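Have a look at these structures, which come just after this line.
Here chain A shows up in two complexes: once beside chain B, once beside chain C.
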Partner chain A sequence: MSFVLPVAHALVARKDLPIPAWLFAWGASIVLIVSFFALSAAWRKPKFEQERWHPVGARLSRALLSVPVQILCGAVGVLLLGFSIYAALHGTEAPDRNFALTFVFVTAWLGLPLFSVIIGDVFRPFNPWRAIGRAIGGGFSAIAGQRPAHLTYPERLGRWPAAIGLLAVVWLEVVYGSSGGVAVGLSPDSLGLAALLYSLYTLAMMAFFGVEKWCQTGEIFSVYFGMFSQLGSFGTKDGRLGRRLPLSAATHWATVPGSAAVVIASIASTSFDGAQEGAFKGGIKQVFEWLSEAGLSLTTSLRVTDTIFMALCFVGVGLVYLIGVRGMATVRGAPPLRKLRTGFAHTLIPIAFAYLVAHYFSLFVFQEQAQFTYLLSDPLGTATTDLFGTASSGIDFKLLSANAIWYVQVGALVIGHVVGLTLAHDRATAYWPDYRQAARSQYWMLAVMVAFTCFGLYLLSVANA
Partner chain B sequence: MSSKATRLVGGLLVIVVAIVLLVVLKKDDSSSDATSNAGGKVPTIVVEHGKPVGGIADLTYNKGERIHFIVESDVSDEVHMHGYDVMKDVKAGGSVSFDFSASIEGVFEAELEGRKEQILELTVNP
Partner chain C sequence: MALLVPAAHVGHWLWVLYLPPILIVVGSIARASFLERRRKRDD
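== the complex of A and B ==
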């Protein structure tokens, strides 16, 4: 019996061409050469452990962080969330014509990591759940005359709820949404429902543990976008905007338990999405056939299969990291394993970011054209509204040539690799007093990074081949 | 754990990983090249019972070439060439011909729009 895998395209009318073999070879060679030089040109003292914080313009700070601006930003966030849910529930069922799907999964989900790196944690002021939570908390204090009491958050849980949530978001988009038998991707209805449920869950958790606490640990989007903002040089501290050494904030990010799981989940879910129609295609088909022959329906079979492969990605990426950490622990003078495990997690953030850029750069550029033309003018996809006169414009797929996309993809991976190596080496010099031992410990992290970067290149070279 | 035991566990781990990789990265040998655009004949995609005969057809061109193919269908539907956004109706038992220039690079799908059934994967190399 032969099966035809249901093909899904939620939003995408165009897929990237796989990077050609010669570029793959060049990319991998550059990675190895760069790594070799990174080893020999090693510095001996940590450079990134100190933030070197400089507050910027007191007036600007006061204005941007003032209460009215906070309320305004919060209101914009709530409005956008509300409108997305409305469009999802009341707009067209065609995913590519409905404002909600592109706004949530492309503009916000892929755009905010980018903006977080460049200009800092922009999601925080616009976070709709934080805004609602703070408004409710403020209302409570005004009426009851006291601040709301909260449960103590179990510190051991750390960022695990966000790590699992992150996998759940990607699962909803690429597993649940792509497996509808004759799938056209996640239906706007399901997205609307999911957003409502997530809002309820988040507000409940905020009520239990406090708004800020939950944003630091459990609120998926705060934790995820916040993670990327650690790479950049802009942030806030003690109510002031400021500038710091780029990458320096990241060195303190992973001290909360479960942080490693968040960054591993990010790499794993991007890998899965990149591999499902390329590198994993044969394997997925195999398991899918076994399951459907065992009597599961086609849709269930595909969902279960994809879930298994996504879980495999998470375990695989986690294992590679843990092997690297184990290896470092064998070097003389190594700190305890626990400390190593959390101490090097932040070095994977640049890799996670590079994976995002490599896999979604072209999708983002093309789909944003839709976002700002027909999806803005006709957000419900009813073909009856044309708010800005752009309802009939489309996506110009000639905007990026295949070559331009390839260079961006390989460039992102190589740069992510170098930044990851830099952070890892810097951390090693902080942990090992003897720089020779520090350098020795980094053979292990080097192997981890080379593995991730070459795996990333490999995924791009077999994409939908 | 003694160093011997560590090495044993490490070795086992490597074997497990290798096996998993083999299964996971198993080449997909099922994608049959039902349609080939080599040799001058106009490639034809035959649709029976709303599905492409021989699986989803693959056509590959270089940028600037002329893309020309025919869809023969036993069901009435609209054929939508995504990306290029060319849409043509086909009647049950009829056929429809596509002829356009390969101006956009990438991988694109053609679907029976009403059935959401992909019939063609079109690759345009630079």
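== the complex of A and C ==
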């Protein structure tokens, strides 16, 4: 005799895993707790506060940062942006057959964080808006004989424009473009129009505040990809390429106001995207019904509902972080709350990266097959061109098994949170001279990390069920 | 013979199983804080 458990709405863990999905959350929590005790016992002095910068050979540095190379990279970036806008406006209306959608939201949006961690801030030289801004600034200087004057950027704003912009980009993709059935549901027309408007806005801001200043604070993509590059070994300093201790650059990244909001927005938007079709499905359905019964149209109801849940995700992730910070402030010898709030924000960057890998790893692997086969051969999706002879290729969905995806997701989340915990412990040893107090302060960050891990695994287990 | 267990909506409650690790850590922190406060008061 066997028991059959008829679970409704497919809200079940995978049947073919050796243990239930929730036990992975317990296992991951044990890994974090063990890591916490190991750090408390053996890590008594800060190691990441100094970058230990090693510049690479002067000739290699000069060659890679030379003006011709910068012009070439900038031109490639402008060309790709221009082509994406063209494909979006003149290509097929089918999102999954149009080059622009996959290129912007998968290849660039998901691929560049990965490359930024591995090889440094690769987006910076290819940033099309920076290239255009610099070209215009250079032209102005040549004609007027002086450098363009700029307004003083309000330092209190910090990276808040980028944080809000980051939420707006994800909102455009997963709320406004939510149509189901395809990887990215936004209509190509909307993407083209949004890209044009964003280009105008960015160039105007660059004219007001200066190209580099805006890229450091307000340009969404520069700030977002730049944030992930802080985790890696490679970077530039004083006009020279070099390598540093991995993770060390991150310790100084969050000193600019609004940086915590950027990384929280990243975690929240990924969480919302993961929970939309899974953990939040019931709640979204409920609110959607209330709004549509109140007289809103179906599309508006859905968008308003999704916007509310996305905002709740942002508030929720922010609250969990702030609870951790508040807890730390109760430990004897704690610096002011404000310092703690900015001082530990960088510890969330590995978590944001882990969430990205965990939620989008399989999408990236599958969609990149499309990007480099039929979307490259027939970028407008007209079915009349076959530039590289791959227009009839398809996506091999058997490339990754469901279990392989799950193990990558679990691995990414565990590693990301252990790295976050390590960064937090390292910062604590810098703030509390007594390492025992430093370790005590990290009880709270341990709770934050365990909460994020369990929440992340729950979202994935429900989304993958 | 298969016996059908009438637990169709049990899946809605699976999230409860993700809570114990968080509760254990938060509970341990609360207990440690409480004991320390009491020790300080006794001193």
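We take it that the second predicted complex is superposed on the first by the 417 of 465 C-alpha atoms of A that agree within 3 Å, B and C clash if a C-alpha of one lies under 4 Å from a C-alpha of the other, contacts with A are read in each partner's own complex, and residues count from 1 in each chain.
Everything that follows uses one rule, which is that a contact is a pair of C-beta atoms (placed from the backbone, for glycine too) under 8 Å apart; a residue touches a chain by one contact, two chains touch by 3 or more.
Not measured: the values here are computed from a predicted model.
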Practice problem: Based on the superposed arrangement, let me know which partner A:Lys281 touches: chain B (first), chain C (second), both, or neither? | Solution: first
Quiz item: In the superposed arrangement, does A:Ala63 touch chain B (first), chain C (second), both or neither?
Solution: neither
Exercise. Have a look at where A:Gly316 lands relative to chain B and chain C in the superposition and call it first, second, both or neither.
Key: first
Quiz prompt | Residues of chain A contacting chain B in one complex and chain C in the other | solution = 2, 4, 7, 9, 13, 279, 282
Quiz item: Can you list the chain A residues touching chain C in their complex?
Solution: 1-13, 20, 22, 25-26, 29-30, 33, 279, 282, 327, 330, 443-444, 446-447, 450-451, 453-455, 457-458, 461-462, 465
Exercise. Under the touch definition given earlier, write down the residues of chain C that touch chain A in their complex.
Key: 1-5, 7-12, 14-15, 17-22, 24-26, 28-29, 32-33
Quiz item: Okay, in this complex, where on chain A does chain B touch?
Solution: 2, 4, 7, 9, 13-17, 182-184, 279-283, 285-286, 309, 312, 316, 319, 323, 394, 397-398, 401-403, 464
Quiz item: Once bound in the complex, which stretches of chain B touch chain A?
Solution: 13, 17, 20, 23-30, 51, 55-56, 82-83, 85, 103-109, 115-118, 123, 125-126
